[in-house]
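The structure appears right after this line, and notes come after that.
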Amino acid sequence: MVELRSLGWNCGFLPTGKTNSIIDVPGVSIGHYTIIEGKGKLTPSKGPIRTGVTIVLPHQENLFKHKVRASVHVANGFGKSTGIPQIQELGCIESPIAITGTLNVGLVYDALVEYMIQESPQIGITTGSISPVVAECNDSYLNDIQGRHVKTDHVFQAIRDAKCTTQVEEGNIGACTGFQVFQLKSGMGTASRVLDKNLVNSNKDFHIGTVVFPNFGIFEDFLFYGYRMAETLDEKKYFPKGRIKPKSSAKNVHGSIIVIIATDIPMESRQLNRLSKRGINGIIRTGSSISNTSGDFIFAFSTANQISMENREPIQTCDIVNDYSSLMEYAFRAVNEMIQEAIYKGMLAATTLVGRDDHTAIGLDINDLPIVIKPS
Amino acid sequence: MVELRSLGWNCGFLPTGKTNSIIDVPGVSIGHYTIIEGKGKLTPSKGPIRTGVTIVLPHQENLFKHKVRASVHVANGFGKSTGIPQIQELGCIESPIAITGTLNVGLVYDALVEYMIQESPQIGITTGSISPVVAECNDSYLNDIQGRHVKTDHVFQAIRDAKCTTQVEEGNIGACTGFQVFQLKSGMGTASRVLDKNLVNSNKDFHIGTVVFPNFGIFEDFLFYGYRMAETLDEKKYFPKGRIKPKSSAKNVHGSIIVIIATDIPMESRQLNRLSKRGINGIIRTGSSISNTSGDFIFAFSTANQISMENREPIQTCDIVNDYSSLMEYAFRAVNEMIQEAIYKGMLAATTLVGRDDHTAIGLDINDLPIVIKPS
Amino acid sequence: MVELRSLGWNCGFLPTGKTNSIIDVPGVSIGHYTIIEGKGKLTPSKGPIRTGVTIVLPHQENLFKHKVRASVHVANGFGKSTGIPQIQELGCIESPIAITGTLNVGLVYDALVEYMIQESPQIGITTGSISPVVAECNDSYLNDIQGRHVKTDHVFQAIRDAKCTTQVEEGNIGACTGFQVFQLKSGMGTASRVLDKNLVNSNKDFHIGTVVFPNFGIFEDFLFYGYRMAETLDEKKYFPKGRIKPKSSAKNVHGSIIVIIATDIPMESRQLNRLSKRGINGIIRTGSSISNTSGDFIFAFSTANQISMENREPIQTCDIVNDYSSLMEYAFRAVNEMIQEAIYKGMLAATTLVGRDDHTAIGLDINDLPIVIKPS
Amino acid sequence: MVELRSLGWNCGFLPTGKTNSIIDVPGVSIGHYTIIEGKGKLTPSKGPIRTGVTIVLPHQENLFKHKVRASVHVANGFGKSTGIPQIQELGCIESPIAITGTLNVGLVYDALVEYMIQESPQIGITTGSISPVVAECNDSYLNDIQGRHVKTDHVFQAIRDAKCTTQVEEGNIGACTGFQVFQLKSGMGTASRVLDKNLVNSNKDFHIGTVVFPNFGIFEDFLFYGYRMAETLDEKKYFPKGRIKPKSSAKNVHGSIIVIIATDIPMESRQLNRLSKRGINGIIRTGSSISNTSGDFIFAFSTANQISMENREPIQTCDIVNDYSSLMEYAFRAVNEMIQEAIYKGMLAATTLVGRDDHTAIGLDINDLPIVIKPS
């Protein structure tokens, strides 16, 4: 596949990690379970099915026993993500992070409970309880969402898939299976940045990576590196039945995005919150208006300074990044750059999908990128 | 049953509603499903079971179509309540409010989705999705929580029970079945206040009611109208195996509380948030220290100015309470008074329960209330 | 002066108000006091002085007696704006809004107190106290900020100036006198949008306007309608002493922005908060990265449903916008569009200024806008 | 003076520090400037004056160069405290903390700027700017607040006073000069707790201290260790002109409280926020209802892990307390205990004061404490 970067389209000036994906942050992995079944007319609770679940694992150990410092920014709260208050209170995540279609949240939540009890059989017996993190977007344009087709076994398979990640596939996969972005087919995208030790005046390099699950926007708003794509794309190719013009479609812009940011920079939760707040920058640069009905949640976690439940020592020695150092500024910049890039990468990896009631979302063709702004 | 008030123990000076319960707020109802099965040694996922689910209905119509203005105060976020970000963003609740044991949250969430699809079959097809509100406390001292014994059918039965409420039963019921408070048996409690039109200079009376689900605290902290009960209660009766002394037990005070506040005062969500923040006052007066590991969530909703999804008019005419009027001040006071009273009422209605591994929580005997401070 | 719009550069598709400025919102006015004195080497507390104060009046009556519903979004809190907690608690603003240079905040605050006591001599005697709103950015690159040169009399003059506004001047004026944006000279900018009654399905038009006080960013980040200006601008003209390249300058991006949004849409404070959160969209589209050390505050107020202190009725009848109507979506879009436009307008109105130690900020020349993306 | 503790009234079971005051936290100091001038009828801007300023210094070095980690909980935001957004964003305080009467805030803010420039002459020249923290309550019942009588020199004297603290005086002093609590004379109070290394399983003791500035409540609400004092106090002694009965006075309960919590426990800002949220517990136990018009701000800072501006290393090694350790739970308990005690101590140290228009606030007589609940 032709890559954006091979065509000269970088985002910003910071170097990417080895795979330009979230797994460039050591220890992080990601897995999926995708369900595509049936076609034609919607029969509620039966199908057609275009949905899935994605699991992000901040590390490969037991997350209940080794919690990761975390935060979340709710850019727009018209969404159903679970686990938010506990992340805000305790500054950590203690479960795999699941992303799925909206109405699946309850069952996926319960599946994470089941999984974590299997990993830590003392939960709820000699120790407390757990707080599963499940995020979602609404895949109802393509999928039979009343059916809640993601079951416990699918979540377990996605976790197993994550545990043997070697590379990150993008596009119509896992949670992103049924999503749309700018009325085109959405795809999961990923990107990463390295903060070189010389740049940030440190004694080692730091890594920061992201995965994005976009499900927002109207076509007219889509900006590719600042360029309004509606001016150039062949309307007949992308909207064979005709598209709705902005003043009309803008009146009810559906859509959401879930973003996960991972880093090995040793941040406390307040700093991770600052990082997650910057997550909207890249989203906005692609043309999102953070619309009224969107559930826009940006999670950030650090793999450093894990909180061990096997250690109840009152005081723990941590490395913590200095807010007043340039490392903080570059980390913000890395977030800006990589999220914008991840959205474009995901869109280019996505392929046309026909869903319920023959609703069709067409994938963006890399050959249709605008020549006028093509980097020389 | 002998009542606190018949013994002279009022809380504050505002008059109660007709039943001194949450259903004094017109339209509000509450229902339960209680599960008590098995006894003896814990077999994880099997039993014994001491759990349940409670449903609060802000009104008797379809809640998705007629949302109620709402807010929530997270006094301590070590809890798993769902639906919080959407309440904060949109200032309303659009589902029945369910309260249950911690690990049941996923299945109860899914049951609410199922229920609401039955009520509004267009959800996820021609209209958006829904955000179920599920709150919880940890009933693991008495209950097999790994079993997640609250199923869809139980939630449906609790909703049906709510729909035919005529009075509010207190004590070991619904969500409160397996809860403890101050290491005694907890019970669901309820109370209400009327704000008389002459008092608040209005043209009609207003009502404000609460239900509480306490699951917090160590015995040493229990205050009854300011009186430290540890000084007077017969230790052998309440702690036949001996109780743990404060310096030791204080080091790890488990526990949480869920509070629901209902009112017909026409408040916008910011004002309901102010109201819910006062919810902690009554809790603290009973001796809670809002401990480290508690999930303390206080929900408040108004039955006035419902948001109709059948009306997409851009502008709606509402009555809104004036922040600078005495009605606001009295509403805060009502919250203070009635939550303290509801906790005591629930404790006195609770009865001794033996749970898993023969763990026993003893109900507070009304005859053991302190004579020294008894109102004359 | 040649206008952006006359060259074809609109921002979005919504029509502007009559003057494309904040005073298109009926009742709103704005005034300034500008201080430019001395030149050459900095003598701390003496000069040179390049500073000022701007006053926004939500209406022309006594603001303490007729408060306006309001909210504020703190996009980055590295700033000293006052009055924030009370806006968040009570959902209103009760003073003129002052914007000034950072270290002037205390004296400007005190001047607003003095002004409001003159207007309402009962303050602090028979009634409560007042909460002045003062926002700021750091003008130390051009100005002697230790001198705190904005005095009570200057604030009074700016208020008087506001009271006789007939049009809004942009550029180096008032608070913006000493500000920089993208290392060029910043200017106060303004814009507005009209939401036509037919578009939003209402029985009257609504207005929404903004003023911006930008003081952020490095040159490399400046985007003009998506176009990276660093690729085209004549470096010798704008940075005669040479500019710092991105990897270096990015390590410490100073800067902030204050934005005021006014509307006559009847919004409650929660809705105004949602509006103010969208304020960052336009900022980000111009190239801001919401840097580490910025104080980015976006205030929003509505002129509808004023809160009268002469009316202590417990219940007030209000019109309130429906969150689920298209009016809400278009209001968000208006914010996106007009803030981006206001930043560009302010930059083009700004003119080169030499300040302390001969620090120079050069104004953007409209003839240097990129032809490549010029609208046809 | 007879002490509460010598009469047997402890608050809780944790031991106090050596002086039972905030200076038991090593490095912390406190100073005052008190102004009592004139008597009789109020002449606005002239007098009588009953006001002052209090300064808390987290340590004895330059605070701009050595910031302390901090947080603030806004229990009710009807107040004018400055510096809040920056504390929330950066998790630290970089100025002396000033407490004063409401309308003095602007001038006290400016005085702190002046002081800090003298300490760090590079502020605003080669480095950024500063964010002064000023908190306030309304002393208008006794004081001519329009006069804003606290001037720069007074603030400087209070800072000098702090720098030579050897013990903490309580009562009518500094900011508390003109405050009332429960319609009696308020006094600044202080208390502390030691967390013994054996108790918290640490290798050293930790300290936690507080000062409180109460200015809230109606007499009917005053609870002394749970006992309603209105039932026992001699009404003629305390309210020679008669007091207003609860249903009437409750309709407009004025009042606020400022609380400062200091500790040497190494907490990050999120943890300090959790600590400050517990600050309301002690307040509520004395009878406050966190009334509508109160500005209730609870600041917490740690003297550990100071943030040095002379060290821009990207990574700093810190000790951080473990949220899941018993140290956290005991720290919460210490806050509960000591704030309740500090309020009582301040009230008992306060003495009757006659202010403007002969308004009189009578000091609570230790001989009037209720015998019925007196500890044996």
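Here are some notes:
The chains carry the letters A, B, C and D, assigned in the order they are written, with residues numbered from 1 in each.
Keep in mind that, in the parts below, contacts are C-beta pairs under 8 Å (C-beta built on N, C-alpha and C of every residue); 3 or more make two chains touch, one makes a residue touch a chain.
Just so we're clear, the structure is a prediction, and the values are computed from it rather than from any experiment.
Chains that touch both chain C and chain D are the following: A, B. Greatest Cα centroid separation from chain D: this falls to A.
Centre to centre, using the average C-alpha position, chain B and chain D are separated by 33 Å. Centre-to-centre separation between chain A and chain B, using Cα means, comes to 35 Å. The distance from the centre of chain B to the centre of chain C, each centre being the mean of the chain's C-alpha atoms, comes to 45 Å.
Residue numbers of chain A whose C-beta contacts span two or more other chains: 76, 89-90, 200, 274, 293, 323, 326, 328. The touching residues of chain D, when paired with chain B in their complex, are 13, 75-76, 199, 223, 225-228, 246-247, 250-253, 274, 277-278, 280-281, 284-285, 288-293, 323, 326, 328-330, 332-333, 336, 372.
On the side of chain D, the complex with chain A involves touching residues 89-91, 200-202, 266, 268-270, 274, 307, 309, 311-328.
Remark: chain A residues 42, 44, 74, 76-86, 88-90, 102-103, 105-113, 117, 121, 123-125, 128-129, 131-132, 138, 140, 145-146, 148, 254, 293, 295, 297 touch chain B in the complex.
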